[in-house]
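Both complexes below contain subunit A, partnered by subunit B and then by subunit C.
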Partner chain A sequence: MEKRDYHYLGKDFPRKDGFARVTGKEVYPSDVALNGMFFGKILRSPHPHAKIKSIDTSEAEKMGAVCITYRDVPDKYFNVRLVSVPRSTYMDWQILSNKVRQVGEPFAAVAAETEELAQRAAESVKVEWEILPSYLNTEDAMNATENLIHDHVYLEDEKIEIKNNIACMRELTEGDVTAGFKEADVIVENEFVTPRVYHCQLEPRSSVCKPEPDGGVTVWPSTQALHNTRILIGELFDIPLNKVNVVRVTGGGHFGSGIHTNRVILINVALALKAGTPVKIIPDREGDIYEHCRYPVRYTLKVGAKKDGTLVAGEMKALVDIGSHHIQAFAFLGVLVGWWHSLYRCKNLKYKGIAVYTNKAPSCAMQGYGAPQVTFGVETTMSMLAEKLGMDYLEFRLKNYVGLGETFWGQGPTVRSTIRSDGVEELITRGAELIGWNNRQPPEKKTGRYRRGIGMARGFHTSGTGAPVPGEVKDYTTAMVKINEDGSVDVLTSLMDQGGGTLDAAAKLVAEELGVPFDKVGISPADTRSTGYDVCTHATRGVYCGGGAVLEVARKAKEVLLEYASRILEAPVHALKTRPDLEREQGEVYVDGMEEKSITIAEVAQTAMNNDWGTAIFAKSHRMIACPPAFTTFFVEVEVDTETGRVTIERVVAGSDAGVVINPSLARGQIHGGFYRGAGMALLEDTHYDEKTGRLTNLGLLTDYKMLGPEDLPDEEHFQTFFANTYEPTGPMGAKGIGEAALNPVPAAVASAIQNATGIWFTKLPILPEDIVKALRQKKEGIATFEPEKDKNHTIEREFLKIRSF
Partner chain B sequence: MSSSRIITQDFDYIKAVSLGEALESLAKDGARVFAGGTDLLNKIKTARDNPKLLVDITGIEELKGFSFSEGCLLIGAAVRLSFLEDEKVITERYPALHEAIKSLGSVQIRNMATLAGNLCNASPIADTAPPLMVYDAEVEISRLHNTRIEKRIISLKDFFTGPGQTVLQKGEMVTGVRVPEPMASSGAAFGKIARVTMDLAKVNCAVWLKREEAVVAEARIAVGGAAPVPVRVEKVEKALAGMRPSSKRISQAAALVGENLSPISDVRSTAKYRTDTASVLIRDTFFPAWKRSGGEEITDE
Partner chain C sequence: MNERQIVLEVNGKEYKLTVKPNELLINVLRERLGLMGTKYGCGVGECGACTVLMDGNPVLSCQMLALSASGSKITTIEGIAQNGRLHPLQEAFLDEGAVQCGFCTPGMILSAKALLDKKPNPTDMEIKEAIRGNICRCTGYINILRAIKTASLKLSERSR
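So, the complex of A and B:
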């Protein structure tokens, strides 16, 4: 298959849900309203670590509220994230427990006729607590031998004892690292620290549940994973899946926080079942902020290279503070090494990763799933090595990057495929031209208060988690395509659209394949009873895997259509082609070479119906057998005010290799969006806990969770985007993903620009003005790398030494 | 367990139609003035305040007054910031106040919030406090004595007594802000350092200068966010008075600011950073103030 001229791919159309979105008519979970609906409120722990001695809900019940505590929910352990296979899914969650493991952890819930009454009822619940020692950092957590956050967890049926609050570990060795480092002419070693970013999706994770008369439930949740949510509800509440219907509602933002089934959904189901009436829960922001955050990673990275720039050895030790629960940290430890392994070629590698429980919000996937964290350290290290070797950053990268024909690890060590499209060189070369890389001056040449710096970083994200051999992660999508009696088309899948236009892309692929006008392809409402399994819209798999499945099914539906048409046109199926007839606003089937012999798709469908041949329809599950990297490269220019430490982003040049681009404007929008969150991670976004109270220092309020605003970002004129001219042979009509790739290199690129302006490599994110001012002061005293203040006894090495099994 | 979605505290609400009615209500226990509500409602939602009565003053005609006459700007307590932000008198004659208002919150906040409310909330980082302090603003405080309305006027610099605290007594409210017309050959500017553009300040400041020829005759400088209340920094003011400005001399004078400050470290910044950048901010704000006073461009000598 090769690139060809497309009718719809690569062209902009108003998005199908655009009108509803901009006019406020789109229905989000918080808009769902049902007759007799109660409002639910979640009670959250005021303590970081405590047991419930007694809980009294009688006042609330007197007020007419329905209450649930740990006594009212199924006593089962589970994991909220079901994208991995059971053998690598640790289970430490209960819907509600008599033990709380963080401030903000739900321990009870109430539902009442109005939201106000529910809030009043919630406030009337009395709890007696037994306070336990709490662990707000990994050091304290790993020192603990009793009063652990979890005493044991489950892996399938196996009960696993927890020691020192260590949730899980993972290691990997390739080649001989000791021998490798002996060959090295230069070695760079640093410790990197990345922040505990809150997803801050516009809509707090909300849910509506209606108990059905047949004992089943219908749920309208905020989620990225309809079917996993259904499966979990069925399993926990012992309801056969044919009676669990999870409905697709447009999400008010996810950023990865909806890959797992948020506990609010499960609490919602338990409440509705007890109340016997529909219940809606919209958490407040100060509750939602305690529910999820990006995995913060602290890691050392040591890499050696020879004089000619060849990488010879690398070693990474990572410590991940996962908070109160496992949202599949085992998988996360795997991707940390996977992303590193796939960035640059190196024969000798050693990796150890540890995930540690603390009494904080549970960390989970967020746009990039570990890649922004790893890319920050790896890209910084590559630039440092290049500098030491006197090589240009770009030359050094082009020499070492993992590209065409090499192996890419799409989701940790078990998900691997061969790279078949590679726009890296184009991205680097063209990006360098556009930013003016050759005129870039070294930091020593910069003087004065305001200093400009140009930096760069590259990276990627996987397109889905498919591979020739299935690994730890499930990956397939089910779709149905149906050609209606008027020639229009319905497309049915349980894919979610995170806002990037995934469903529009699916519709375009179908329109292109069937030769039907884009307007005539509709995305059907979806729920879990009418769709087949889809693992989840995550891992930048929407267009590549989801689109791939939809296209495969469209081809099959087309076969049925052409078979009907061949009867009418009296020509063999292989002689038939389709194309859109824009004048008649119809698709048409014609005989190749005899184009006067044609018929509209509507006529085919009607003839088929009237003759009782049937409908041209097909449904099928489809798995992609590769995980192609969607490459990105960011060049960033900043201005640093050396007196206040303020960093202004002056200019961005962003290149993306997404294969064939389906929705150009939306793809550009994704690059802007990825940059925005990446720059926020680089310069601003983080959450901190008060070590005494265990509460967030921002008190859960957005007043003190700041994000960059439009005023803080470059305007369109100073933000150039471009796409590499590539074709992914395994992708749907040549397409790959883009979403997470648009963020992953950004923190590293911003840090690189700050280094070019100031001469200082920052190894901790976010890089705050306070840090910059301090580092510049230290630099005057001769310290070139700025490391965050830390307890000398609290080193990652020491924490690793504590673990005998390593 | 409070919630930012639902206020469960019980309180009464009255929309006063006259100042007398408002003052009478304010004499009751637990009464609070409700103007824009942009600070008060946050406090109630987060259970940091528990009022018994909200007295809405936005319907009182005499508090909606805005006038500039006889060398004095009068702003009633119910005037919204969005009304003030593009008011010609303010942009032309009180540019430091204009800059402070523009930097305060979002459009939505400014559509609700009032100038008097920003002062009465008495945050150490109230953006309008430093410019009003250097413009020598006064606040008009009213109370009911028997059935008669009594007014007293105090200088804004004496108004704040601590974070969230002012000289206001029970039954009193600020009914207006008076700002004298700036003298000829004077100029002022506002400066702010925050995490992002739309944000509360880490540090803010206002610089007011009276120029005589090429010399600073008098300087007034107020800094917010670096002490329990917005403060005038006399050390710097004295050092600037009589100075023929140069970059170096301004820096030296601004560096004295630390002696007037007692900042804290919090979720927004560190004490050290606040002290260090306060002097940078004063210096940066000096230049536009000097220019507005009609001063010639300052060169490095």
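So, the complex of A and C:
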């Protein structure tokens, strides 16, 4: 298979949902309005760790509000994320509990006819607390032997005792690291720290639930996973799944915070069932900030190389502060080593990861799922090694990267597949040309207050989590394609469009395959009753896995269509072809080589209907047998003000290997957005907690959660994007993903540019102006790596030693 | 609480409404008039998703009492297409890929409209300044800035 001329792939059309979005007609969960709807308010803990001694909701009930506490919800343990198989899914969640494990954790909820009444009712609830000792950092948490955040959790039916607040661990060894390091001519070892970034999706994660007369519920939630949300609701509330209908509504941004079923949705269902009337919950921003964040990772990375640049050994030890609950820490520990190992070839490696509970917001996936964290350290280490060996960064990378024909397992050790398309060399060479890599000057040559620097980093994200053999992550999509009686087409799946254009891509693939004009292909509204299972639109799988399934189904529907057409045209099926006839705004079927013998798809469909042959329709589940890496490379130029430490991004050259690019303009938009969030992570985004009160120091305010603004990114002329000319043989018409790959190398690339300007490698993110000023001062005294502040008593080594005791 | 009568002209249509003194403009628009295009992103004046135009000026409807809007002309995102034709800003946002999740889009377009109505040919700095209060978490702003520039070109061509 190879590239061919496409009618729609690779061309830009206004997105199908765009009209609704620019006219204010798009419906988001917070916009759903129903008759008799109540407003719900969530009561959140003011304490980081406490037990409810007593709770009195009588005042609120007197006001006419419906209240729920831990006594009113099913007493079941579960995990909010159902993407991994049950054997890898630790369960420590309850819908509401009599124990709170972080400030902002929901402990009760009320619903009332008006928002104002709900607010008053919420304020009238009286609680007596028993305060428990709290742990706001991993050190305190791991030192604790009693009053643990969780005493026990469940893994399937197995009850697991928790020790020292350690949620889970994972280890992996390949080859012989000791022998490997002995072979090394140079070794680089550093400790890296990455921030607790808040997703800050613009719509707070909202939900509406309507109890149905048959005992079921209809839910309009903010989620990336319709079916997992349905399954969880059914399980927890004991409702058969055919009575749980979860409706697809556009989310106002997710970035990974909707992979799991946010607890707001479950509280919403509990409230609506008790109220016997629809309930809507829109959390306030402060509440939302306490619900989710990116996994912060602290890790040491030691890598050895030979003189010729061959990598011989690597060792990584990672400590992850997961906050109050386990969302997918076990899988996360697996991908940390996966991202690393799949970036660069190295046969001897050793890894250990530990996830620790603390009394903070639970960490979860956010664009990149650990890849930006790991890529930051790995790319920095590669550049340092190259420097030590006197090799060019690019040459060193081209020698060692995992590419064509090699096995990779970015999504963790159980999801392995072979790389079949590889645009890395093109990305590096072309990017270097565009940024002017050869004219790049070493840091020693830079003088004056304002210093420019050019840096680079590369990375990838997997397109989904498929593999020849199923691993610990589920991955398939169900789709239905139906050719209507006027020749138009309905596509039905429970895929979500996070804004990147997944559903437009699906429609283009169908239009291309069936030979139907693009605007004749419609994406049907979807809910869990009318669609089959799809694991979740996450892991950059929308276009590759989702599109792959949709295309497969379109092919099957086409077979039916051609069979009908062959009866009419009196020609064998294998002689028939389809193409769009743009003048007639119709698809047509014609006999190859006898093009005058043709018929419109509408006529075929009508004839088939009138003759009682049936409809050309097909539905099927489809799993992809690989998860090809979507590679990206970022070259960045910054200017550092050495007096204030301010970093200005002057120029970006971003290259992406997404296979055949389906929506070029939307794909470029993904790169802009990925860069924006990645640069934010590199330069300013983080959340901090007050160690005494356990509250966020930004008090839940966006004004104090600093993000980059429109003035902080380079202008369009200084932000170049380009795509590698590749074709992914396993992908739908050659396509791979792009989404998360657009962020993964960005923090590393920004750090590399800062190093080129200042001569200092920063190993902690975000790289704040004050860090830069301080580091420049230290550098005068001869230090060229600015390390995260180390607490002598609390090193990763010590933490790991401690763990050996049990 | 003593309710009061207000008169609002919303998207060219006059409404007489009885509101409570603490009722917010955003809630009147969304819940009473069903104009859901005005988005709730924070409720505390930090994100710009609830931006509407009041007598041509952008205001945060989550920070404004309905009472104090009485007597004014309000434009929401639902009111800027004319006779079924999209406003050049709406068109440009679509064509330039400035819409991802779309949650910031209504507020963003209205802030840009307020600018272009006063200054059809703004500088890049003026555009950035005008949308400073509107957070977009998806796009990195690049296509948004381009869309606003495209619309400004189209508008100034039209007025020529």
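A few comments on the model shown:
By our rule, the second predicted complex is superposed on the first by the 803 of 806 C-alpha atoms of A that agree within 3 Å, B and C clash if a C-alpha of one lies under 4 Å from a C-alpha of the other, contacts with A are read in each partner's own complex, and residues count from 1 in each chain.
Here is the rule we go by: a contact is a pair of C-beta atoms (placed from the backbone, for glycine too) under 8 Å apart; a residue touches a chain by one contact, two chains touch by 3 or more.
Because the structure is predicted, anything quoted here is derived from the model rather than measured.
Once the two complexes are laid over each other on the shared chain, residue contacts for A:R15 go to subunit C alone; subunit B is not touched.
In the superposition on chain A, A:R668 makes contact with subunit C only, while subunit B stays out of contact range. Taking subunit B and subunit C in turn and counting the residues of subunit A each one touches, the greater count comes from C.
Residue contacts after overlaying the shared chain place A:E643 against subunit B, while subunit C stays out of touching range. Contacts of A:T697 after superposition on the shared chain: subunit B is touched, whereas subunit C is not.
When the shared chain is aligned, no partner comes close enough to touch A:Y450: not subunit B, not subunit C.
Contacts of A:K706 after superposition on the shared chain: subunit B is touched, whereas subunit C is not.
Contacts of A:V27 after superposition: subunit C is touched, whereas subunit B is not reached. Legend: residue contacts after superposition of the two complexes on their common chain; A:E716 is shown touching subunit C, with no touch to subunit B. Shared interface residues of subunit A (contacting subunit B in one complex, subunit C in the other): 115-116, 282, 284-285, 701, 703, 707, 709, 711. Within the complex formed with subunit C, the subunit A residues making contact are 12, 14-15, 17-28, 30-31, 33, 115-116, 199-204, 250-255, 282, 284-285, 498-500, 665-666, 668-669, 672-677, 701-703, 707, 709-711, 713, 715-716, 719. For subunit B in complex with subunit A, the residues that touch the partner chain are 1, 3-6, 8, 42, 46, 193, 195-200, 267-270, 272-273, 276-277, 280-281. Across the complex, subunit B is touched by residues 41, 43-44, 46, 115-116, 119-120, 122-123, 282, 284-287, 643-646, 684, 688, 697-699, 701, 703-704, 706-709, 711-712, 769-770, 773 of subunit A. On the side of subunit C, the complex with subunit A involves touching residues 22, 27, 30-31, 34-44, 46-47, 49, 76-78, 81, 86, 90, 93-106, 109, 124, 127-128, 131-132, 135-146.
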